[in-house]
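Structures follow.
Note that chain A is present in both complexes that follow, paired respectively with chain B and with chain C.
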Partner chain A sequence: MEKPQKTQEEQQSSPQMAAPDGGWGWVVVGSLFVSSALVFGLIRSLGVFFVEFVQYFGESAQAVSWITSIGLAMQQLMSPVSAAASNVYGARPVVMMGGFLSGLGFILASQATSLLHLYLTMGLISGLGWALIFTPTVASVMQYFTLRRSLAMGLGFTGVGLASFAFSPLFQYLVEAYAWRGALLVLGGLSFNMIACGALIRPLGKPKVVVKAENSTKLNKCSSLFSRICEGFELALLSHRGFLTYSVAITLFNAGYFIPYVHLVAHSRHIGFNEYQAAFVISVTGVADIVGRVASGWFSDLGRMRMQHMLVVWTGLLGLSLMLIPVAVVYSGLLVVSVVYGFCAGAMTPLAFAVVPEIVGMERMLGALGLLQLIESIGGLLGAPLSGWLKDYTGMYTLSFIAAGSFLVLGMLVTMTLPYFWSCTAPPPPSPPMKKSQDESIEDGLLKQTLSSNSVPEILCPLDDIPYSDKE
Partner chain B sequence: RRSSSLYTCAFSSALRTSRGRRGIIECSGKRPDIYIVTYLKTFNHEKEAVWRSSRCLYRLVPSRGSDSTTSNTEVGRVIISNAAITTSPEVNGQNQTSATLSCNLTNPTFPVKGHYWTNNGKIIDKSETNSDELYIEHEIKKVDYHSAGLYACVFLTEPQVNATIEVKVPPHVVAYKRSENANEKDKAVLTCMSQGYPLPTDWTWYKLKDDESVETAIVNGSDVKYEMKNTPNKTMLYVKDLDINSDMGMYQCQGTNQMGSHSDKIQLRVRSQLAALWPFLGIVAEVIILIAIIFIYEKRRKPDEINDDDDSGSAPLKSNAATNHKDKNVRQRNSN
Partner chain C sequence: MASFRHLILLLLYCDGMKTETTPSPQSDPVITTRKVVSKGQNQVTIQELAILKPQTIELSCYLTDIPNNPPYLTGYWTKDGKGIVNSEETVNRTNEQYILKKTFDILAKDLGNYSCIFKEIQTQVTFVLDVPVIKDKRDKPIVSYTGDSVVLACKLKQTPNTWNWYKANNTEKGLISVTANPLNYKIFINGNETKLTVLNLTEEDSGKYICSAEFDIKPSESYIELKVLSYIEPLKPFIAIVLEVIVLVTLIFLWEKCNKPQNDNISAGENELCSEQISKLTRDDSNGVENNTARQRKLEH
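Let's turn to the complex of A and B:
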């Protein structure tokens, strides 16, 4: 996309291009679909490999579960880096590089001779690849949509659910046909498809940092480089109260969210169901997850309830259902609870992301996503090992599930302390670093005439965030 | 019926002197009256089971050095009890399908405050009561590898007394995975685990011929190809340097204990290393083609794209990279 050389006055044109809310946006949603399938759907179905690794390397289940922990931790820790890189280079090259790295990790893992090799390849390398894929893709979808953002996110994330449903039996087949080394090699190839997904993300405008660099005065190149880095990482967000509150809530959610996916299969087998029954429980959970995502995204876009309220509802229900999992000892009971769990887990996901622009504004969304994932990684790093330790200590998974549920309920309570949570109407748009209030009113007035009331706050935000920062 | 009588040396308070140093109470032999000071001479432990408070002589034995001090402080109470528990005999799983374990406590030193049963060290659910019965029973509905173990009845009296009863069955051997897949020239690990009591003392592996009838025993150390690692409840057979033709097939693991033996079978399949390469290359080719298509398609659309994006979009005031001078002017006006 070509742009003319900008003048000083033109700095006010937002680097956020018009959200098309359709058209090529749906292709980007498709890209998110495939990417989330190949990242999170894949991670969730790795249980088949763990059974093999425990036996082949003679290590404990906990040592093997560190592979997923490291991978997820890398995906979240490297998120700000990924967001910053996208702010500098644009989403497309970053996602393509991420796709390559994630495939490379698995290919190298197929030659592993010790568990350490798996930590380094499947954990570090693939984890870094996943980080480079996930955040920019999510951000791109959110840039492409405004009115139907939640629905687009929900649809995009259904990839995870469908993948969990299809990948478990597929991976089982791959391991049987090619042994685990061959299966990992094939998975590496599958992960390369994410390079193609990255290629599909057409940029909507120049990356944010590039725009700022073009517009900045030539006086101070050094400080502009430093401020470029700060802008890229959006460090200013760390002093934003809403952002901090939300990051604590998300950390707690994260501590509980992944636990069932690590332990549900083992728990089902522990109670006495065989491999295929256990796999079916996961499949059923996955289907409920998919339905939950789409339903929640569609319902949230209707605008009946505020996104933050809905988030609280879903996370509360999710925590409750998690605590009920150990209670279900009959197969049908376990299936029912798993369905409820799946639905709530799915319902929560698109909202957890879509609510971010509402809190920090569209302009800072990419950096916010990056930082958020970094902070929430603490939850993931604590959650899975804690649940593993609880299982080793008590011999059963009961306490692990109860701990997971209580983390979610805690997160729900923290969410309730978000600014403007208790008001029935949408909050005023978040204030950007420096803005001129008189300019708002004209644009406000014009917008209100043209757009429906419910979506106004979200559309207002990008305008208010028009950067005037180069006045210094 | 078996019986056991007990002399116990029980200390109900901490072993600490007034100066806070800790010492070791030596209870040599089974009769603690060695350390009982003289004024206990009214006590006759042969004839009665009575509790007496006593002063205990003890010696502080420091970790290094040889000096030790003898003290005269009361450190606790010595309880000499003559309580005995008679138990039902051990249960043999091969002869019985169900069993009732019983314990009969005679001559308790103190009133019994309750009792419970344990299996292999873990308290059995719902077996704890506060009743003061001296004769207690525990029923095992089905004697199998789930219910087998080392049972103990524990009476909550002072001191606590218990007795053990063994419930023995032949082992129950289960393969960790019934079907194993491994790569050529790599190693395969076949694992079997056993449940029940007592745990197997011997593990043997067999390689079965195709019709599963004739067995060849695998002996540890005879062949560099095989290695066995055994623990009482798990056995692992490592088959190294796999060959597609000779190493594929059924393997059988067998566990033996004093009551008998049991076995399970595992199917080992060996896959060629190159087998996975074909689907991998196919997928990589597909990815390259897709990327090529995407970029070519985009290059072809490029001339049209710029115009298209100016028209799209929902919010009228937010527009693209405006090449339009009109828009520039509009914006400048609003900023002042």
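Let's turn to the complex of A and C:
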């Protein structure tokens, strides 16, 4: 019974928010694994149902594809709400509620008699559920880890890749055995498992807004509700230069990231490879993606390079490989480029999240995640139609791949303008100091600098330092 | 008067004679020709021909690029693998080509595989004469639920005279008539496609449904299997999964609560603040889980 002893030790040493970096943290990583599988892996495999919907409702494929668009849009738009709720109530109840809602959406969808019902149930309700699950779970994993944050994130996100492999045949079987209504019902039940995932997220400390409300007794009851909401949404972040820069960068990343997933198969068929070859390319890309996530997480935790530099490396390589895809006309060349693309795309994902606390601080990470998802959805909404239009206009996929690659390169350039990007040593607090920072005096100097330049008073900043210096 | 009657009788007789002397088939005096060109020797070529109505058809095999260019070849015809009597012919070479033709009268019983075979060079051309075959059949049964409705569809490239739907009960076919059962069936026919909608499904509606495209010569059939399930079927795995989730969640919370008293005991001498916070956390957790629905609604508004 080692685990309960460990949790007891951790809780003794951490009155507020500490990063255990192990122990129960790995259970939370497992929770992220299952959650990301049941959210994004599920979304990616819904194609099986679309064929059934087209046949049953007699609607066009485009009308049916709106279901996932609405679901994804809800997931990203409602992220700030989910982050705010977690700031107020803690991650656990929010994720459990999200699990319940996402399952409920599918159960109601199984009774649908029109496409509109599907939009409302699978789109709105489940989308809201997914939003309530994803952001707090990611934030919790990041709270649980500092030293091995990227590895934990990488491992957690492998759930998406593995689920895409496993769910397609599973959904096919469910549809054949129970028709789409029964299959949706069973999927709703499966989504309920995310309630259990939420239950696993043990809170590390009280939710931020609750702590602030308790600490500042000066505020009276009326304004405390409003300020609670404002702080829950972390609207002050919109004036933070680092955050704004990063949100622009990540919007550009998002614009280019998803395009190849949509177009790679069609492109392979277009230049003359048969169905099996095209499917093999996708599978190879998927495997490279999974490997990339874990490898990049592990490598970045070694601490050789700063996370922001690594992010630039991966996104630069990703942009380049995207632009090389149209050049590869030989099958082996296409395979090689696709492997590189898959690896870099996977490598980029954990870093894109793990770098957020470095920029805005552990304190505001949850709200930052929520706002980021909202802002990056613009990239997703613009990227896909643009590439589709480019393909229709030119008749080939070349331009759309080049556009995707250039979005990523642009995002990489924007990332290079992040504050403190060009310094080789520690990023500034209020983020946790990296292992490489040898000299504590440099840190103190930077701390004083940022404290004076920071417009938002960080009440808990001094308290923040205590657990981290303990770690050192 | 008598001569007039004689004249009419004579005319009728001649008319009858005329109909008798024209060769069968009854419908089309036009002969359709189909030709296939085969290059080289040791070739096997297969050509599918869709036959919609009884007709006279002339099948031609053209052979080119035969090595050594022999002055003549012998070829014969087979139907479904069996040689046709008196079909063997000697084909002379004309302009580097060897042409073998034969005319066939095709009725329903005459549909099959017709081949012209050249023994010396082992070349064979097969014409597959059949009614149009309904493709894109689902080999898995269509599943639906009691009380729901389902659409079964058949499609062809050619347009038949009409479509008929049958329900197969063991070995017999029962024609589905919309006028007899307007509440249960709807048939939609649009040229080369047809859809059968079965409403108010019950378990007896399960089985094999046959769509039949009626052509002059012979109907072309395809079957679709329908399986009607009751709602209990998918409920079984669903309830199993929900029970599993409930068990998991209960276990997780129980395990956490069980560890808390341990913590309290061990850390009795330690921070009082710690144990206070721990008990506050458990209270917060249980409060959160119970009241979150109400709060959530408030927050979202």
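We take it that the second predicted complex is superposed on the first by the 342 of 472 C-alpha atoms of A that agree within 3 Å, B and C clash if a C-alpha of one lies under 4 Å from a C-alpha of the other, contacts with A are read in each partner's own complex, and residues count from 1 in each chain.
As a working rule, a contact is a pair of C-beta atoms (placed from the backbone, for glycine too) under 8 Å apart; a residue touches a chain by one contact, two chains touch by 3 or more.
Note that the coordinates shown come from a computational prediction; the quantities given were computed from them, not determined experimentally.
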A:Leu147 contacts which: chain B (first), chain C (second), both, neither? first
Tell me which partner A:Arg202 touches in the superposition: chain B (first), chain C (second), both or neither. both
Which one hits more chain A residues, chain B or chain C? B
Answer with first, second, both or neither: which of chain B and chain C does A:Glu176 touch in the superposed model? both
Report for A:Asp21: first if it touches chain B alone, second if chain C alone, otherwise both or neither. first
Please indicate which partner A:Leu185 is in contact with in the superposed arrangement: first for chain B, second for chain C, both, or neither. both
Given the touch rule stated above, what does A:Ala84 touch, chain B (first), chain C (second), both, or neither? second
Touch check for A:Asp392: first (chain B), second (chain C), both, or neither? neither
Chain B and chain C footprints on chain A, overlapping residues: 4, 12, 55-56, 176-179, 181-183, 185-186, 188-190, 192-193, 195-196, 199-200, 202
Complex contacts: residues of chain A adjacent to chain C: 4, 7-8, 11-12, 15, 55-56, 81, 84-85, 88-90, 92-94, 96-97, 176-179, 181-183, 185-186, 188-190, 192-193, 195-196, 199-200, 202-203, 206
Chain B partner contacts - residues on chain A that touch it in the complex: 1-4, 9-10, 12-14, 16-21, 23, 51, 55-56, 58, 110, 146-147, 175-183, 185-186, 188-190, 192-193, 195-196, 199-200, 202, 205, 439, 442-443, 446-447, 450-451, 459, 462-463
So, in the complex, the side of chain B touching chain A is made of residues 176-177, 179, 181-183, 186-187, 189, 191, 236, 269, 271, 273, 275-277, 279-284, 286-287, 290-291, 294-295, 298, 305-306, 309, 312-323, 328, 331-332, 334-335
Please name which positions on chain C make contact with chain A in the complex. 140, 142-145, 148, 151, 229, 233-235, 237-242, 244-245, 248-249, 252-253, 256, 259, 262-263, 266-267, 270-271, 273-274, 277-278, 281, 284-285, 288-289, 292-293, 295-296, 299-300
